[in-house]
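Below is one structure, written out as structure tokens, with a few remarks after it.
Residue numbering begins at 1 within each chain, and the chains themselves are lettered A, B, C and D in the order written.
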Amino acid sequence: MKLKEQLLGMTDRRSGPGFVFFSGPCCYSFFSEERFFMFNKILVANRGEIAVRIIRACSELDERTVAVFSEVDRESLHVKFADGAICIGPAKSSESYLNISSLISAVEVVDADAVHPGYGFLAESAAFAEVCENSGIKFIGPSSHVIRLMGNKILAKKEAEKAGVPVLPWSERPLKDEKEAIEVSREIGFPLIIKAASGGGGKGMKLVHTQASLGSAFHMARREALGAFGDAEVFIERYCERPRHVEIQVVADEHGNVIHLGERECSIQRRHQKIIEESPSPVVDEELRKKMGEAAVRLVKAIGYTSVGTVEFLVDKDKNFYFMEMNTRIQVEHPITEMVTGIDLVKEQIKIAAGRRLSLKQSDVRMKGHSIECRINAEDPKTFAPSPGRITELYVPGGPGVRVDTAIYCGYTVPAHYDSLIAKLVVHAETRGDAIKRMTRALEEFRIGGIKTNIPLHIEVMKDHDFIAGNINIDFLSRFS
Amino acid sequence: MKLKEQLLGMTDRRSGPGFVFFSGPCCYSFFSEERFFMFNKILVANRGEIAVRIIRACSELDERTVAVFSEVDRESLHVKFADGAICIGPAKSSESYLNISSLISAVEVVDADAVHPGYGFLAESAAFAEVCENSGIKFIGPSSHVIRLMGNKILAKKEAEKAGVPVLPWSERPLKDEKEAIEVSREIGFPLIIKAASGGGGKGMKLVHTQASLGSAFHMARREALGAFGDAEVFIERYCERPRHVEIQVVADEHGNVIHLGERECSIQRRHQKIIEESPSPVVDEELRKKMGEAAVRLVKAIGYTSVGTVEFLVDKDKNFYFMEMNTRIQVEHPITEMVTGIDLVKEQIKIAAGRRLSLKQSDVRMKGHSIECRINAEDPKTFAPSPGRITELYVPGGPGVRVDTAIYCGYTVPAHYDSLIAKLVVHAETRGDAIKRMTRALEEFRIGGIKTNIPLHIEVMKDHDFIAGNINIDFLSRFS
Amino acid sequence: MDLKDIKALYRFLKSTDIVELEVEDSRGRVRVKRAEAVSEEAVRIVTPAAPVEEKKEREEAKEEKSNIKTITSPMVGTFYRAPSPDAPPFVELGSKVKSGQVVCIIEAMKIMNEVESEFTGKVVAVLVENGQPVEYGEPLFNVEVE
Amino acid sequence: MDLKDIKALYRFLKSTDIVELEVEDSRGRVRVKRAEAVSEEAVRIVTPAAPVEEKKEREEAKEEKSNIKTITSPMVGTFYRAPSPDAPPFVELGSKVKSGQVVCIIEAMKIMNEVESEFTGKVVAVLVENGQPVEYGEPLFNVEVE
């Protein structure tokens, strides 16, 4: 795979897994007369299923793509599907997918003018977004300023409060010392949570039940925060017992138009990692959806956010909702929103980055039916140990209402170096009950040989009485281990 | 594969292609308390993708299925996916899938109480439906009476006229002799078409341009009709030049409720075989849709039709529409209607057969977005010669808005004995333009190694200016050969 | 695998000229390297596990060579060994049958279809219970041909 | 596979002149080496798949045996053979290079990164044109080591 050949013969790169593609010239040449290029080339700064997802969106928009890959990803599907590809480093992410200078250099040598960061890796790196901004490269996402603002949980909470979005009672500032922590704890009460200002996604949290343990927990939290995020700032927040995790998808263009696309229920988690998501949520009614949606839109407008994004909330048993954090990128679970709204979020994101106006008003958004996503991980379903290796057999389910987003193919080797997510199985049906049945059917059809996956766990959940009844919260999965 | 083992161990039959299924007991046991069985077991009297489609619908409805297979279909996907399976004869369809006594006998020995005929084979056999009715087996489709009525094109046209559905000027009776044919031709004018009363789907037609050739054409048509359908009755109809083929999907329950689900544009045909279908049609506007839909519903109500069905029309360049025939079964192209309406037609069909009422009113039906289906055939894209054989490589496209209905898997051998349709690639997107782009992208991802397919032809069509502009009629494909 | 196993394996290897051995499981990888030996016999490489089809072929081959023939069901239906519930079976284990002789009945759609033997010989196996459903092509009897 | 199996396998191998056997499953990889000729040629049956890695290994093996070493690009960037447009190239075809000597520049993000040879020897091939983009790991020069 010579870079020069790729750069010359862009249209010939669309070759399939394992064998050469047989069709004639690609669509670009045909549509060239009428094509309006939003970008010259988009560099997809990611791997796996999200890289494939982005390349598919670009292909449908007639935008040309360049994939990046580490040495172990040479045979990956995103490399095969993109119009061009460039090796950016060795397997270790810090030297390839997380290497900002390597990526920027790749953008320059392939003559790209935009970067799509996907999720994970550099998607929420304000530094990366900033380098892009300073290099005249369009970062397909919000501004570095907003990423940085929402990346700090203390600043984010303050913005939410300013925008009139409910938050859980909290210290309202970073805590300097143990004494301050004890003072604050008197107002907030126990149990409480100590969180890292630079944490997020459940990382860097300490649950404290009594004042006796507050001191040591405070010091430990600071030490861990410094180690993990290079920032010792922590704050205190009231603990919300067995909450649901519900998030609102927002879409904002660069002309001040902001809409929300309803909620996603993400309470089925293992160690703060979402495993199963659905939309709509079984607890959110039209009124609550309106309130949460409007709150999310207020925050987005207040901070001047553009691109697609997600405002995460905790919902307690009395249907009170509290701002938790904002994810300034496309989410893993975006397909379920696409299924119920019929809107292609990745295409929207690219169009917004090109300066286009939203084509929809809030009143045009209609949620139809019910969608569920199961994250298929390469892991032992009992021990949750990662299970990389070669895929020797593959049957991907199909038929009505089934969507599979994956980068695997028969013969592909799942590398040990990256996230264990290998496929997203998404279904859509008229009702939640129908969607659960459809998911069960699709999971039972799915065959991945050569590695272990968590498909059996998903089947168990789909047959669980509480899940079927919608009785779920973030502790739901604990009884499955 | 011992029948007895299958019948005993129904829940263990859900094994995958190539390797053993790893999950625990199937959903039946779990749901048994709350499950309402519509039928004891449904025998799926078909093969290929439609058998898989029906089994998937049954599985999602918690209905148990028994597959039937000929000796060459032992390793077919429908056999692997059904709860049970039974060999009904040798490869030759007349001795297996078309063998009524073998099928009825299979129903009896497996203790099924309903039969789903799919499409093709015995789906429109009034005789088969009648035997089922007389044996106390529920035929999942309309009554044998209605099948017989619509199977005769002369009676069907008369019913349409009675119901106030427009028809092309025609002889209004079977023609006894050449003299009568000449008389009728004076009223109707040339060019005209001679059609067989028992024909259908484009079979048994003669186009006549001048009176000079009418006599010989008349005799030839009678001779051919007798040979092909065992019935020499023919009639004359005005020829409609370069029409579009547009059909209306209807759904009718056993309680007199009838709705239509809009139209399907099926003008892209090769030798009267549909290749590409889409919904909505690029020429049908809201007004025409309403008129055609109401006409179809009138006919359905007039003849007392129940189950899902399709009323086919020719639409001329001035948007006049004329009844052509009615298909009294589920159609190959039903998925595009499912994509735009969100309604699962096969589930509806089964529920109707179980006596359930339609849950939707006409005003609840909303068409959203645009859907296209490409029929993937195992054939040489240039010569159209069938290309059976072993599938050595397979990559099935996925991602947003892509649905694949197929019975193939990697390692499967496409037998030479049956129809060459091996997969239906269906896309759904917000607009027709988006759907064409999405179909192109999906076709370019699709890889089927070991046999030839018509995928390259489909890619050509998707890039054709006239297709993109919606300028299509039933002669469209002729310039692609 | 513990020390005992390893010792046993070593004792065995010592008695051979194997200089390298690699085993991996399950169902994967065997590697053997011997010191150079001289033998003129042909090398036969059997590739593993060509599943169903090959087995079937082999079975058929075996059948052809042996004098055991199988009577199969010509249709889907219910298998009956006797013309009526109280009548004796058409054939018993060990019975002699002639080509054309009725050996059982398959009931299909309330019609009793007599099945005739294509072979002359001795019934050596009855493969289906009386009253059981059978599918097309299902083996019913084995007959040892003279 | 237990000792019994290994013994059975060995009995078979003993009856042959196979000196090396490698089996892997399922449906993949069989490798047999017979004593036969004194020439070291092996019977190599290459079952499909795993092309890239194997090829790479073989290439590496070849490289190791030969004295031709390759200098590869340590980063993505633009390849320059000289420190400035009018300066002479760092190395020419046939130049002697020493380990640690600068052989080219890769420009990445406007920064000129000097690439040093890891080998001492003679440049026998220049693999990229001046001013061309290169990816990580792309071969730049072949060096014949003494």
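Everything below uses one rule, namely that a residue touches a chain if its C-beta (ideal position, glycine included) is under 8 Å from a C-beta of that chain, and two chains touch if they have at least 3 such contacts.
Just so you know, these numbers come straight off a predicted model, no measurement behind them.
Novice: According to the touch definition, list the chains common to the neighbour sets of subunit A and subunit D.
Specialist: none
Novice: Starting at subunit B, how many touching-chain steps does it take at least to reach subunit D?
Specialist: 2
Novice: Which chain lies the greatest distance away from subunit C when centres are computed from Cα atoms alone?
Specialist: Chain A.
Novice: Take the average of all CA coordinates in subunit C, do the same for subunit D, and state the distance between these two points in whole angstrom.
Specialist: Computed from C-alpha means, the inter-chain centre distance equals 50 Å.
Novice: Using CA atom averages as chain centres, what separation in Å is found between subunit B and subunit C?
Specialist: Here subunit B and subunit C have centroids separated by 42 Å.
Novice: Using mean C-alpha positions as chain centres, tell me how far subunit A is from subunit C in Å, no decimals.
Specialist: 54
Novice: Work through the pairs of chains, note which ones touch, and then classify the graph as line, ring, star, complete or other.
Specialist: Shape of the chain contacts: a ring, since each chain touches exactly two and the loop closes.
Novice: Could you list each pair of chains that touch one another?
Specialist: Applying the touch rule to all chain pairs gives A-B, A-D, B-C, C-D.
Novice: Can you list the residues on subunit D that touch subunit C in the complex?
Specialist: Answer in residue numbers: 1, 3, 6-7, 9-10, 13-27, 30-35, 43, 45.
Novice: Contact residues on subunit A for subunit D in the complex?
Specialist: Touching subunit D: residues 2-4, 7, 71, 74-75, 86-90, 96, 101-102, 104-106, 108-110, 135, 392, 411 of subunit A.
Novice: Using the touch definition up top, name the residues of subunit B that touch subunit A in the complex.
Specialist: Listed in rising order, the residues of subunit B that touch subunit A are 14, 16-19, 21-24, 26-27, 30, 52-53, 56-57, 59-62, 81, 335, 338, 342-344, 346, 368-369, 393-396, 398-406, 409-410, 429-430, 434, 437-438, 440-441, 443-445, 447, 449, 455-456, 459-460, 463.
Novice: State the interface residues of subunit C toward subunit B in the complex, per the touch definition above.
Specialist: My answer: residues 52, 75-78, 108-109, 132-138.
Novice: Touching residues of subunit C toward subunit D in the complex: what are they?
Specialist: Touch list, subunit C to subunit D: 5, 8-9, 12, 16, 18, 20-23, 25, 27-45, 47-49.
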